[in-house]
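Naming follows writing order (A, B, C and D), and every chain is counted from residue 1.
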Amino acid sequence: MGGLLEWKVRAPDKPMKDRLYFDGLKANVIDTGLCSRCLTCACICPVDGIRVVDDKVDFPDREERCRDCGACIRVCPRFDYRPKYGMGDYLEFTAARSKRFSGQDGGMVTEIMISAIEMGMIDRGLFVGRDERWRPQVFHLHDSSQLEVGTLSGTKYTFATVLKELKKAVLLTRNGVGVVGTPCIVSGVRKLQMEFPLFRDRVRLVIGLFCTENFHYDELMSFLEKKGIKPEMLIKTDITKGRFIATMVDGEVKFKVKELEEILPSGCSVCTDFTAVESDVSVGSVGSEPGFSTVVVRGKSAEEVIAYIREKGYAEFGEGDPGQLDFLIDYKVGRFYVKTKDDKD
Amino acid sequence: MNDEKNRNIDILRTGPFSWLKRWSARWSLWPCHFVTSCCGVELAHASGCGYDMERLGTLTMGISRQTNTIIVEGTITRKMARALRIVWEQMPDPKFVNVIGACGQRGGIFWNSYHITHPHTIVPVDFFVPGCPVTPEALIRGVRALQKKIEGEDRDTIRFKKANLQFKERKKNMPPTSPKLLAPTPLIRNDIPGGVGWEDGDELVEMVRSRLKGLTASITVTDERRITIRTREDEIKEIAKRLSEIGFDHVKSVNLVDVPHEKKLILEYVISGYSKSLMPILITLTADIRGKYDLPGLSDIWQSADYTERELQDLFGVRFEGNSWNEIFMLAPDTPQSPLRKSFRLEEEEYILKDGVPLTPHIDPPSDLNAPLPSGVLEEVEEMGEYLVLVGPHHTGSGHMRWIMRLDGDIITEIIPDPGYVHRSMEKIAESRLYIQNIPLFERLCIVDPVNMNLGYVRAIERALKVDVPERAAYIRTMMAELSRIGCFIYDAGIFSLFMGHSTGFMYLWAIREMLLETFLRITGSRCSPSFILPGGVRRDVGDDLLDLIGNLTTAILPRFKKFEDIFVRNPVLLARVKGVGVLSRDEAVRYGIVGPFLRASGVEYDIRKIEPYDAYDSLGWEMITADDGDSLVRFLVRLEEMRESLGIVSQCVDVLKGMRKGDVISEEILGDYQEGSRDIRGSLYRVYGNLVLPRGEWTVLTEAARGTLLFSIMSDGESNVPYRVRVITPSWMNLRGLIEAARGERMADFWAIYGSFGYFPPEADR
Amino acid sequence: MTGTVEALINLMMADQVAIPLLDPILNILYGIPLLGHLLALILWKPLFAALICPGFATLGGLLMLLPWIERKLVARIQWRIGPHEILPQMGGVIQLLADSLRFLFQEVIVHRDAKQPYFLQFPVLSFIPALLPLLFIPAGTIIAIESPYGAQIVLAMVTLFPLFILGLGWASNSRFAYIGTVREAFVYFGYEIALIVSAFAMIVLYGTSDPLAISGMQQVPGIILNPVAALAFFIASAMATSRLPFEIPEADQELAGGPHVEYSGILFGLIYVISYEKVYILSGLMTLLFLGGGSGPEIRVLGDLSGLIWFILKTLLVMIALIALRAIYPRYRLDQALRIGWNPVFTLSTIAVGVSLMEVLLL
Amino acid sequence: MRKVVAPDYTVFEHVKRHVEAVKTAIREAIIPESVTCSYPKERRKMPASFRGYLIFDPDRCISCFGCAFICPANAIRMKEAEDGRYYPTIDYGKCIFCHFCLDSCPEGALKPTKIHDVAYRDLDRMLTLTEEMIEPPEIIREDKRYVEYVIDGRDLHLRRVDGEDELLVDLPPPSKVERIASCIDPESCTGCRICEEVCEHGVIRSSVEEDGVRMVIDSERCTGCGLCVKECSMRVLRLVRR
């Protein structure tokens, strides 16, 4: 058991001389509206000072506490933003429906994560649950029995602080960690893994979700309330065929997705990645029959898990149609160009 | 408060004959018999023959009216605070208060408990004596300080000298963060397969499975002789019924675990049977309860669950169906609601001294002095033409408890226990402390039997970690546990003889206890709270000179004990008082869940040291003691005989240890990187144990404490370095029910014969 | 007027306590007017008996000393020291002084529910049954009131005690006091008959109940003449004085003091000594009936005081025996005590009467 | 297994037991076997292992916080001294005298004494600051001799020795293996330099260079207190044998 008594840490270039790294991050990413609120910076921050203030990522007491190590800049996927788009590389495109778990569609996110836990590949998966008022809460899932809490599956359409918990998970884990997240979160994890071996070794499975956009909790809730939807009564939310469907205890409310654009966060409007191309496996509802999840296997670890699921017969596999995704991929890319055009104007 | 304090001393300082007043008050400081917590044991030692406070004119006597001093012995819980204020108000002026023990000052080890108060906010306090528990010498020092104060010299008895710290360099440092590690949304499970080879287990599981056919029940063997049956909440009762039919005749523990992030409560009944084949087997019957607080209760199937269910009703704010008790049982009326739920948080520790101010949570003293009676009792008593006597908590023969006695003439028709006066919320506190920090905590369950309490907790940790104890350590532990058992019996017998009005018996035993405590003192450095047993071994080796001392002790106490027997045990008056009193038949004893020697006195051959031997017990020669009568007399005699066996065990251990080569006393696995601590942990305690993490699961361990089965059940999430939940069921708690039942129908005076024979120790029961 | 005084003085001088040793001094003192008269008055046997010995002063002294003796003796048996530091040179003999002064200076609490006048009166009044019997107990030849029925009168008055205890227990109006009082009443029924019958046995034996005559008749002490009666009397007096094993009404661990649970300050101080008063009187009676009263080798120079000293010594011995019971026995239950009172002790005392009758008939 | 049978006395035994009890009392009254220690005039001799008040040697202290972290009662809290280092303070109003702190102190900076008989009139005075823990405190002592419990095979004897018992205990520092901090995963180091900040001895130093931060652990001076290891947010440090 040896170790170094002397070592060197590469520091990134400072975007703003004589200012903190975080100031540079703020100026270049957050204030420009590029920030996707993936909170990768909060994950790596050694003093745990970065958090969300008024729907914006911030480090309020940075003058006192910031160590100015630059880690936030090193891991920020939007700092040196190279937008991803398209379908990306994949090993397999399929559709599946879990026999064990019922999710919003095929329950495949849960299935993949639980199977990975059962295989011993990972010992925990980071999920997003919610409280009674649909506030997102990060949940470290260790075991299928914890799913009984009932609020883990299902789309929440609000930003969650998954990555803020990632470091804790990585330090606590014995085997490995699985993460579920939107494309921006996936990019953040990849950036973390690129920069720090700790994450490289221990984040074993990254499940990406198909994502058009995500909303700030408060804005979404006030929007929904305007539509006559009370969060306490809400059972699930879904977007199908350009319509937002909110199922409540006493009925359904539907409206066009377009209407949501008025509260679309700027960080989402610059995102072109619909399918989480950097993930190990992407899952979404588009591209398969209703009741099935589309599963895009990209990485080796995910391949193993899918093989395991097949072997055990935990899921029913169907046909996926990559063509169905094109519309949304293009929609997202198109939005980006509109947005950048707007900016130029 | 200060006015009240000064008023009392001013009465003595002013007026005619003030010198005479001061002289007489100084030499006649009588503390009233108000036992508030464990330090009371050392108060007994201070007035016992080892120190004899009476030399200074300080005679512990009677009740508030006739005395002029209160010695607050340790913890004042919210419930006891009322009694304390009442006692103080009842006492004629001029009166004085000394607080001994850390609990009564800044709370000591219970400083962030939800159920304690600060005595100085309730009564004016003259002197504080530090210690936990204080030594009798310190207690007498407090009395001396009080005497000096009355004389006119009011000062601390210690003066610190301020030294200058020499500084070399200056550098601003960042303080470290808390050492505690809490896993987020942990997985809490009690049915993790243990993967152990247990031959008879499969057979038993099959048998149980066939009995439970048609019901939802997943049966898991979690460890050797530990089975978990998980079921649905609506079927738990049916399963319980069927299990009770195949011989599972009593409940060892009822437990609830709050898992707020999964929005559920885990309900657990730990059951076992007293038939030969089922004896060492524990079945945990468990069900998850979601979204409601009305739980299925099993007290109609197993009466032994009754009081424990009542306790959980208080602690978790739930209701057990079928339990007749609807009101508050353990807690004070103004204790925080359902404190054991995770949403109730205790004050966090701080590790940096800020502004030189001691860290104490603000605790309001109770607003009223009302200690409510169970509703309807008064009316019912009147209707039946009975009358009610409230014994305690301030009463010479009550202990730290209130007994609501319903009497018909001289006959006790019913006793309603009112426990919780020493409920220091150990289970809650344990959830917020490192595993190692809980060792001194649980020791204070029963300060007269500290080693066994310590051992019970440590063994649960060891069972979880699957570490073995080095042979030498095993013998040391056995030896210490038996010494502690002897000490506890001597204590109980002393209190018993006092209850019978025989102070000589008490004093004779106190001389013996003084010898035992001297031995503990030399081995561990502390009289009553050794904290000597650590996971994987003991704190340090016991040298040959100490072994000689212990060897001598085993024979030296006999002549003195013989005198005790002559004057008390064989005294015909005692025989008349206890023979045939408080009889519990075998069936009753099992039904009411009695444990330990008291169960053996009713004819059940059950001793955990025999049926599930731990440490060195199965390599030593000793016998289990039983009796058939089940009355107060044999309950006492069984323990007396057990003391002889214990002496035998101790001397065998001494012989083995003397013949054994000196070696490690802590297991290598535990020490890990710090093998230098293998013979003496000094220097490495925190480094070795600070970050102890238990594997996920629930670990239930039975230990034979002096008064019977001690159950520790530790729930670990596998990632935090603090336990998720610790459940302690102490023997005294289980024996409470039996005590109450045994007293029914006897004469009032018999209550003390029964109470004494059960060696009931409220702090142990209240936890 | 002068004549009456003269006559009185003569009367007193005729019945003075004779102390040959002090005669020279006394003679001088008698010569001093007023002081001499006072001295004569005090040394007048009936008054001396009532005021000094065995009366008030001795009682007071013993009350100061007896608890100390008890505490010291019990402590000694219990392997400890007992009161000491207050006066280390003399083994803390003034401990009771400090205790009683402390009680004196402490607040007296009369609680709201108490029956006030009685609550205050009874502790003080309880000195009456303590002092009255002393008038009939001779210390040697010194006796306050000579009566041929002295022994019976003492017995009758001793049995008055429980009344006062009942009174103060009732006045306390507290549950423990109430239970204690009831127990006191029960125990009273338990010992009374046995006590009287065993004393009766001795009266039968001596053929007289004149205390002076009784003590004069015991060339052989009564305890040897009728040990059965002595035993019965001793046990009955242990019950009467609530000593262990019959400390049932007070029963500290059960009733926290029973009748006196509510008393504080000097009132408690007064009650605290009631049981010692009883011990003194019954020990005196026992000395008289069984140990020959003041008889013993006469020390000539002390004159009348010789008998007095013997009497006190013997009484002290009996008292110590009664007190030492505390260190030896646990406590009986009420029903057991009653059974003992009515069964073995009563039987013993009846047998004692038989023994006496036999002896009278035979000798 | 042995069965206890309740005795049943005959009349003769009854009398015999009474006599025995009385005999015992009389014997003890005549030759008492007193075991009383007359504290304040004499005090019991406490063994060297006695767990009493603590004194503190700042020269030995490495400010590892072990005592504060392990204290079950949270009685020990560290106070920042003028040199920026943290030293323990003890609140005796909370201290339970378990001496876990002493057993945790790797350097033997905390030392036991046999002082335990103390009374305070004021609760706030019970907080003992670092400066007050260095010199042994002065307590009121009225003892002129000490009593030793001697237990031989037959009985307990009290051996009284004139003179005051020494209350200070000389305890050698614990045996230990020297350890130092070292980096096991330099790539995962974020360069936040928290380790430098928490290191009370200035052993870890960083120098900002053009393209990064150079971290150096001065192995000669490293006390192995382990604070950096504990605080490192990426857990790249570890204690290793020197």
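Rule of thumb we're sticking to: a contact is a pair of C-beta atoms (placed from the backbone, for glycine too) under 8 Å apart; a residue touches a chain by one contact, two chains touch by 3 or more.
Predicted, not measured: the structure shown is a model, and the values here were computed from it.
A.B. asks: In terms of C-beta pairs in contact, which of A-B and B-C ranks higher?
C.D. replies: B-C is joined by more C-beta pairs in contact.
A.B. asks: How many Å are there between the centre of chain A and the centre of chain D, using C-alpha atoms for each centre?
C.D. replies: 51
A.B. asks: At what distance in angstrom does the C-alpha mean of chain C lie from that of chain B?
C.D. replies: Centre separation, chain B to chain C: 48 Å.
A.B. asks: Taking the mean of the C-alpha atoms as each chain's centre, how many Å separate chain B from chain D?
C.D. replies: 23
A.B. asks: At which residue positions does chain D touch at least two other chains?
C.D. replies: 21, 24-25, 28, 33-36, 38, 194, 197
A.B. asks: So which stretches of chain B touch two or more other chains?
C.D. replies: 49, 52, 55, 504, 511, 567-568, 571
A.B. asks: Please give all chain pairs that are in touch with each other.
C.D. replies: Applying the touch rule to all chain pairs gives A-B, A-D, B-C, B-D, C-D.
A.B. asks: Over in the complex, which chain D residues touch chain A? Could you list them?
C.D. replies: Residue positions touching the partner: 180, 182-194, 197, 208-209, 211-217, 219, 233-238, 240-241.
A.B. asks: Help me check something: in the complex, which residues belonging to chain D touch chain C?
C.D. replies: Of all residues in chain D, those touching chain C are 21-22, 24-25, 28-29, 32-36, 38.
A.B. asks: Which part of chain B faces chain A closely enough to touch in the complex?
C.D. replies: 181, 183-187, 189, 261-264, 288, 290, 719
A.B. asks: For chain A, which residues count as touching chain D in their complex?
C.D. replies: Within the complex, chain A touches chain D at residues 1-11, 44, 46-48, 67, 69-71, 74, 167, 171, 196-198.
A.B. asks: Which of the residues in chain A come into contact with chain B in the complex?
C.D. replies: Residues 129, 138-143, 145-146, 148-150, 165, 168-169, 172.
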